[in-house]
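Got a structure for you, questions after.
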Amino acid sequence: MFGNIREECGVFAIYSKEKTDVNIQTYMGLYALQHRGQESCGIVVNDNGVFTHHRDLGLVPEVFDSERLNKLGKGNISIGHVRYSTKKQAARNNAQPLVIRHVKGPMALAHNGALVNSSELRTKYELNGAIFHSINDAEVIAYAITERRLTCTSIEEALREAMYKLKGAYSLVLMSPKKLLAARDPIGFRPLSIGIMPDGAYVISSESCAFDSIGAEFLRDVLPGEIVIIDEDGLRSDTTHCNKYESHLCVFEYVYFARPDSVIEGSSVHRARLRAGKYLWREHPVEADIVIGVPDSGLDAALGLARESGIPYGIGFIKNRYIGRTFIQTTQTERTNAVKIKLNAVRDTVAGKRVILVDDSIVRGTTSKRIVSLIREAGASEIHVRISSPPFLNPCYFGTDIDSREKLIACRMSHEKITEAIGADSLGFISVGSINKLAGNAKCGFCDACFTGKYPLEVPDEPPVDKFTRKIGE
Amino acid sequence: MFGNIREECGVFAIYSKEKTDVNIQTYMGLYALQHRGQESCGIVVNDNGVFTHHRDLGLVPEVFDSERLNKLGKGNISIGHVRYSTKKQAARNNAQPLVIRHVKGPMALAHNGALVNSSELRTKYELNGAIFHSINDAEVIAYAITERRLTCTSIEEALREAMYKLKGAYSLVLMSPKKLLAARDPIGFRPLSIGIMPDGAYVISSESCAFDSIGAEFLRDVLPGEIVIIDEDGLRSDTTHCNKYESHLCVFEYVYFARPDSVIEGSSVHRARLRAGKYLWREHPVEADIVIGVPDSGLDAALGLARESGIPYGIGFIKNRYIGRTFIQTTQTERTNAVKIKLNAVRDTVAGKRVILVDDSIVRGTTSKRIVSLIREAGASEIHVRISSPPFLNPCYFGTDIDSREKLIACRMSHEKITEAIGADSLGFISVGSINKLAGNAKCGFCDACFTGKYPLEVPDEPPVDKFTRKIGE
Amino acid sequence: MFGNIREECGVFAIYSKEKTDVNIQTYMGLYALQHRGQESCGIVVNDNGVFTHHRDLGLVPEVFDSERLNKLGKGNISIGHVRYSTKKQAARNNAQPLVIRHVKGPMALAHNGALVNSSELRTKYELNGAIFHSINDAEVIAYAITERRLTCTSIEEALREAMYKLKGAYSLVLMSPKKLLAARDPIGFRPLSIGIMPDGAYVISSESCAFDSIGAEFLRDVLPGEIVIIDEDGLRSDTTHCNKYESHLCVFEYVYFARPDSVIEGSSVHRARLRAGKYLWREHPVEADIVIGVPDSGLDAALGLARESGIPYGIGFIKNRYIGRTFIQTTQTERTNAVKIKLNAVRDTVAGKRVILVDDSIVRGTTSKRIVSLIREAGASEIHVRISSPPFLNPCYFGTDIDSREKLIACRMSHEKITEAIGADSLGFISVGSINKLAGNAKCGFCDACFTGKYPLEVPDEPPVDKFTRKIGE
Amino acid sequence: MFGNIREECGVFAIYSKEKTDVNIQTYMGLYALQHRGQESCGIVVNDNGVFTHHRDLGLVPEVFDSERLNKLGKGNISIGHVRYSTKKQAARNNAQPLVIRHVKGPMALAHNGALVNSSELRTKYELNGAIFHSINDAEVIAYAITERRLTCTSIEEALREAMYKLKGAYSLVLMSPKKLLAARDPIGFRPLSIGIMPDGAYVISSESCAFDSIGAEFLRDVLPGEIVIIDEDGLRSDTTHCNKYESHLCVFEYVYFARPDSVIEGSSVHRARLRAGKYLWREHPVEADIVIGVPDSGLDAALGLARESGIPYGIGFIKNRYIGRTFIQTTQTERTNAVKIKLNAVRDTVAGKRVILVDDSIVRGTTSKRIVSLIREAGASEIHVRISSPPFLNPCYFGTDIDSREKLIACRMSHEKITEAIGADSLGFISVGSINKLAGNAKCGFCDACFTGKYPLEVPDEPPVDKFTRKIGE
């Protein structure tokens, strides 16, 4: 699959006892998390209580050049954020981290996820005189915290109190003049990990791949419901909100969102995808000559399927390495097939062969159709599509843009119709049962609501996408 | 004088019954008000309740190109703002207009001025859970309004209630989905005028010169304390806050801030400056061959002095028309005198002559020294400096950056020392008495606190500049 | 007049015995010459034979920022160029200085003017295998020089030989690894002056105002036909081509192109314009209450007319100081009159008065019409237009864009019709006789061909504008 | 290997009988050829003899946005070029295609390759008065053509004559007002192919992958020495220069430069690389648990090796998809290893395993060392490096930057030392014999001079890199 579903965000943070290059480390961490959000990004550096921040629309290396990083300067704490990209909501106002002034000092906040009661909370705060500048849930969370900040003795207490109000998915990092906090909602929808640098500095990241990029070592995951507090006394944990609910990590993190080199809840994403290939073969075997994957997220499952089946693994596509966000969209380029510009089939691999084509998901079916057609034109004699996730049948309310049922092909068509629509000779989806076994040694449960409709939390009647279409300009 | 004192802002707004090019009209209005603020600018267009806005650092034609204006689109109401420029506070966050979401609908706000109780109000709101994103007083004013919005039946009532809380200088425009409001503080520090387009659309502007630029006609000034409400029923006025105080328009608007082609409180700025020249001559006559003014704001007073004295008026300087904000500052360029790059003396006008050199003000004295030196090098035999404002002795709390006493040359030196410091043969300031007579037919009183220390409102103990140095990043 | 006629270019050069900030000095010099060309600019720095250059479309402070100037680096010789602006020909390829590689070492060249035999020479060189990258005459001149370079013992000899071939207007600066050359065509159409820095460095500039900007002193004009050679032995002169023809300096330099603070051929531009006002009054007296000039180039003549007539001089217009090249052009802004955005009348100066309005020229009449209308709307009872140049009746072949007869209003209409077309109550042009007396003490003759049709050189049959419309892309 | 060796260029051209979107097609073609050059790019569109061009530093989607492509406009012929990237030579002047004016009409030219006699020709032309603006061989080729253009009856005849003079590697496209020409040097160093669109339009491209991107079909390769002429009469061929020499296609095109989905001289690049893996295993077998390739160019050979050996193929690295040219280089980022930012090891694949690591080449050894270290840190127990090209021992004179012997690790160290230097447990290079068999069915001979020193042409004494360091600024 080819960039059709989007994670909302990625967060990163670092706490060092000494003033150091936290600006550059956060930059590198965000860079490793870029796949979680390409719309906008931002960094806040805390130098002894003085916050300096920059955020803008664009990729990490576009928004931050040497000059910008130098202006941010060194410090001892820093948090950063990458945000996803859908055109209609691209707005500088919505970029995170959120930085706010308060009588008790400044606070900066970045989160990944989505609240199911944000409209409700937003209205409540507005009725009390609150002013909202953005459509971010981060701003709602900030109000929930500042509401309690005056009566609480510490920022972590204020966060703990606020968490009683917040319903939904959130993995957040929060910085006060002297502390770095990290917290994960009690159900644990989105990942969040703790790492440690060789010099003892603590690092927080949505995924462990960011630790590798700066030479940090993975320590452990933040627990569902846990608040981690890092300050001059080291790292401690507030588990007030832990173990109230069963955990439900988004299973699609393993299938699509996360990078294969990340380890989430103790389970390697790469290995989970190899397993997906294995189950796919077991559930949908077929005679074939070659197994190919759609780059980049279909490659691992393809290799898993090839290994399980004994059918040779092949390199079926070349992906243009120079894809930029700025690639021009014209009637002409659309006519000649946008997919063709990014991907090209390796004729030598597929010509005259019976091909098993592995991808991670089918949302609307249009991209799948084009990819199948590329392989067909390159001379494949049969094309058997295998998908390493079950069909999407329900919207997601917890921070991805799998949205209304109307657009999901699996809600509109039978299996046969889909097979025909995408031009495949056969089509097989992995089963829900198997997908819950991908992360073999993960210590948590999974949310598979987009496949099953079993939401681990009560969800609103209105479709979740509404939240994003409220727009106040820019 | 040469850009040393800065007005904080200029505001512009338009209300049309029909959907029309309010984006372009606001653009042109702001362009005419550019002299009131060069740091940042912004426009919000209201198209049937849908607000679209853009704001950024830069001059009006830099921030808005055709594409941007098209994206803003047409509408029936629009407000705009230009903000002044001092490096240390340049921040996109602080650009106006402010656009906020609220349960009763969006609101956009732009103001010119400075509150004396903003710290106090800010702290109060923060204690109630408010979150501030900027250091703008506009955000404080917004909280004062939203605080009352739920219990008030209308936005104008909420503004009226809020005005009981706001102390200081403010000339503001405010847009709700259906209404355009304009208000001026009860003391009337900053100007604000109403104009009307040939098609009946109402226009609000800090200065009347913006009316000329779009073909609108001057109607009247907004009264001190007045709230003007414009909606589908036309224009009406709420005078609850009028006539509670004596009015005190900033007299420096006539001397320096406003454009000579503007008319404020019924008095032409150009004529006020001609009068300044007249009084200057009467108070400080001297034998001379030629009268020259420092462009641009010293020219009118120079002409007035020449006419009164009978001494010929001359063109003493050529100003480089292509001065950009981007002009490079290097050790070298500073060494060779930044003034020299922008101004050059016309040798033919001054060589061998006794010159009366008219400028509008002396703040620190460094620029005056350089200008005198230009004329001296061009061969003037005597240089008599005449200044169309009295010496600055006190900081301004009402929206200009005439700040701490330490930097004001007149606080540090005697008249003789200043004369010597700037290299003049004689030096004359206009008297406080005369300056209050500049706007002959103005219907208002004047604030001359920067010269006299007589503040029309109680001012805080802390120097006013503090407010601007609180910085939270970017 | 308001930017309707354009000079082609301005040149600047400096030669220092020591390696110094020639990059910054050239930058400042070009900045002072910006009025001679706003389309593109460029600088070449020569550091001990190594040439570094940068040129691009844009104003001097847009094209060169600190980083760019630092990259150019210091050196001991530098040349620079500003080029004029007409949209259709804007092309980076055409920016100067021209830098070329040659077996005898690199050479850089910048010129102001236009050859009348450039098409002929261009064809000749192309027939010999030459390749042209631009439509610049500079490239033609470069070929004329390199053609002789191998057989000549020095670069100055090659230039001397080349000058036998070149017909038309050229004031050029030329840099070899070790020498700076400056040359002016034998008729002396365009100005070119020599200045000297306090440390003995020599400076060449199209106008003397650039000397003031860097603290150089005016030494003398380059003679018509002279080649000035500056190298480690100092400055020497080759007068081979001098005194072959009568000199004919473009008289419009005094009226419009040059800055009033420049001195050309010993005559102050400011004083020449004062004189123009004097003659205008003598030739076209009229009863009036106030004399105003159109900024910026009409102000001096207005003052001269006021002095001669005894009628008060007034400030009739405010010009928007923030005019950028980027000002948006839309149907709407055009409808509301582009002039209005840049200029506004000072109502107080003209309302109810009989006004003498002084401008420097009328080309097509459209701008004049708008300006007259501004004053009329501001309440003037009578408007008497006085123009400090005679009517344009003939195209210019020597480096300005006064072009085909069809567009010149004076070729199409009678005096009465023009008066009516621009909406004036009366109209007076200065006479050809008077304009030749403006530069009282100039030691040269003048070219007034655009008024009289008496070209000092044989001109081609094809209209001169053709040369500019040959376009090969970008 | 990771971007250490650079091809100089890629060319693309299209000829359509009808005016159509040749601008967009060339854009898409260049986009597919981006891997052949990332420094600068350019497109020239020919609309009925009118040439419009744009070229600048940057990637294709950076240099060309919708507006730029629209400005280029439609046409019936177009040529384009991508140029490689090494900082020191980045210069807008050197961007291609070259567009030149000539008495016989404009001409545009783009080429891939390098002449061995360019210095000699350049000097000869300079002695005849030629002026060079760039250091491109394209300019030398242009002079060789224009030299003959006047005496030749056609552009193709002029090119044919010119080719007698040109020595070295060149694959070029050339456009006159009515014709598109393509030519390849008689030895055929660089690839060049002909394709055809469904509507009969002809396409020329350095590689066939560009045909796929626009829906064209591969027709045939241009022959070594052939001139292909395309005009309204269709495609015809001039074979005057064919079959004079044995052909020698750069063998490194198969190993590294070309995209795996291209077919060159009838041989699939992907298959050639699979073969390289096969030969590598046969020549250097070793006991191991997993075979991994360095993305992107090492993957195919790794798969080939895995297949031949029966050892499982694994995904050993994740490459950051968002690598931009703008990634910041700081001391810190360098310290933490630039490779780490772009690549991360998949721990799950390699931990505890004996790993065969396949890469395409070793130049200086530094990158290889870092990559080996990544795998070592990820827990590999043994690392056996296999390289799908022989050791580099000689500079390339034919258009790549494999340069002086001092920098080539294989010239400085023994096999054992290199193994140790890069930290591998064993190291194996493919043999020269095998590399000449990679393109099994290719109809041509190969140049392997960088490995063997057997140059198919006499090469100059001076090292080839010199040509690039002659710099005249910008």
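As written, the chain order gives the labels A, B, C and D, with residue 1 at the start of each chain.
What we mean here is this: a contact is a pair of C-beta atoms (placed from the backbone, for glycine too) under 8 Å apart; a residue touches a chain by one contact, two chains touch by 3 or more.
Since the structure is predicted, the reported quantities are computational estimates derived from the model, not experimental observations.
Greatest Cα centroid separation from chain B: this falls to D. For the pair chain A and chain C, the distance between mean C-alpha positions equals 60 Å. Between chain C and chain D, the centres computed from C-alpha atoms are 48 Å apart. Measuring from the averaged C-alpha position of chain A to that of chain D gives a distance of 37 Å. The multi-chain contact residues of chain C, meaning those touching 2 or more other chains, do not exist; every residue touches at most one other chain. Taken together, the touching pairs link the chains into one ring where each has two partners.
Taken in their complex, chain B has these residues touching chain A: 44, 51-54, 92, 99-103, 106, 123, 125-133, 135, 139, 142-143, 146-147, 150, 470, 472-474. Those residues of chain C whose C-beta lies close enough to touch chain B in the complex are 21, 24, 27-28, 31-32, 34-35, 38, 59-62, 64-66, 69, 209, 212-215, 259-261, 263, 268, 270-271, 296, 299-300, 303, 307, 312-315, 318, 320-322, 324, 326-330, 332-333, 336-337, 340-341, 344-349.
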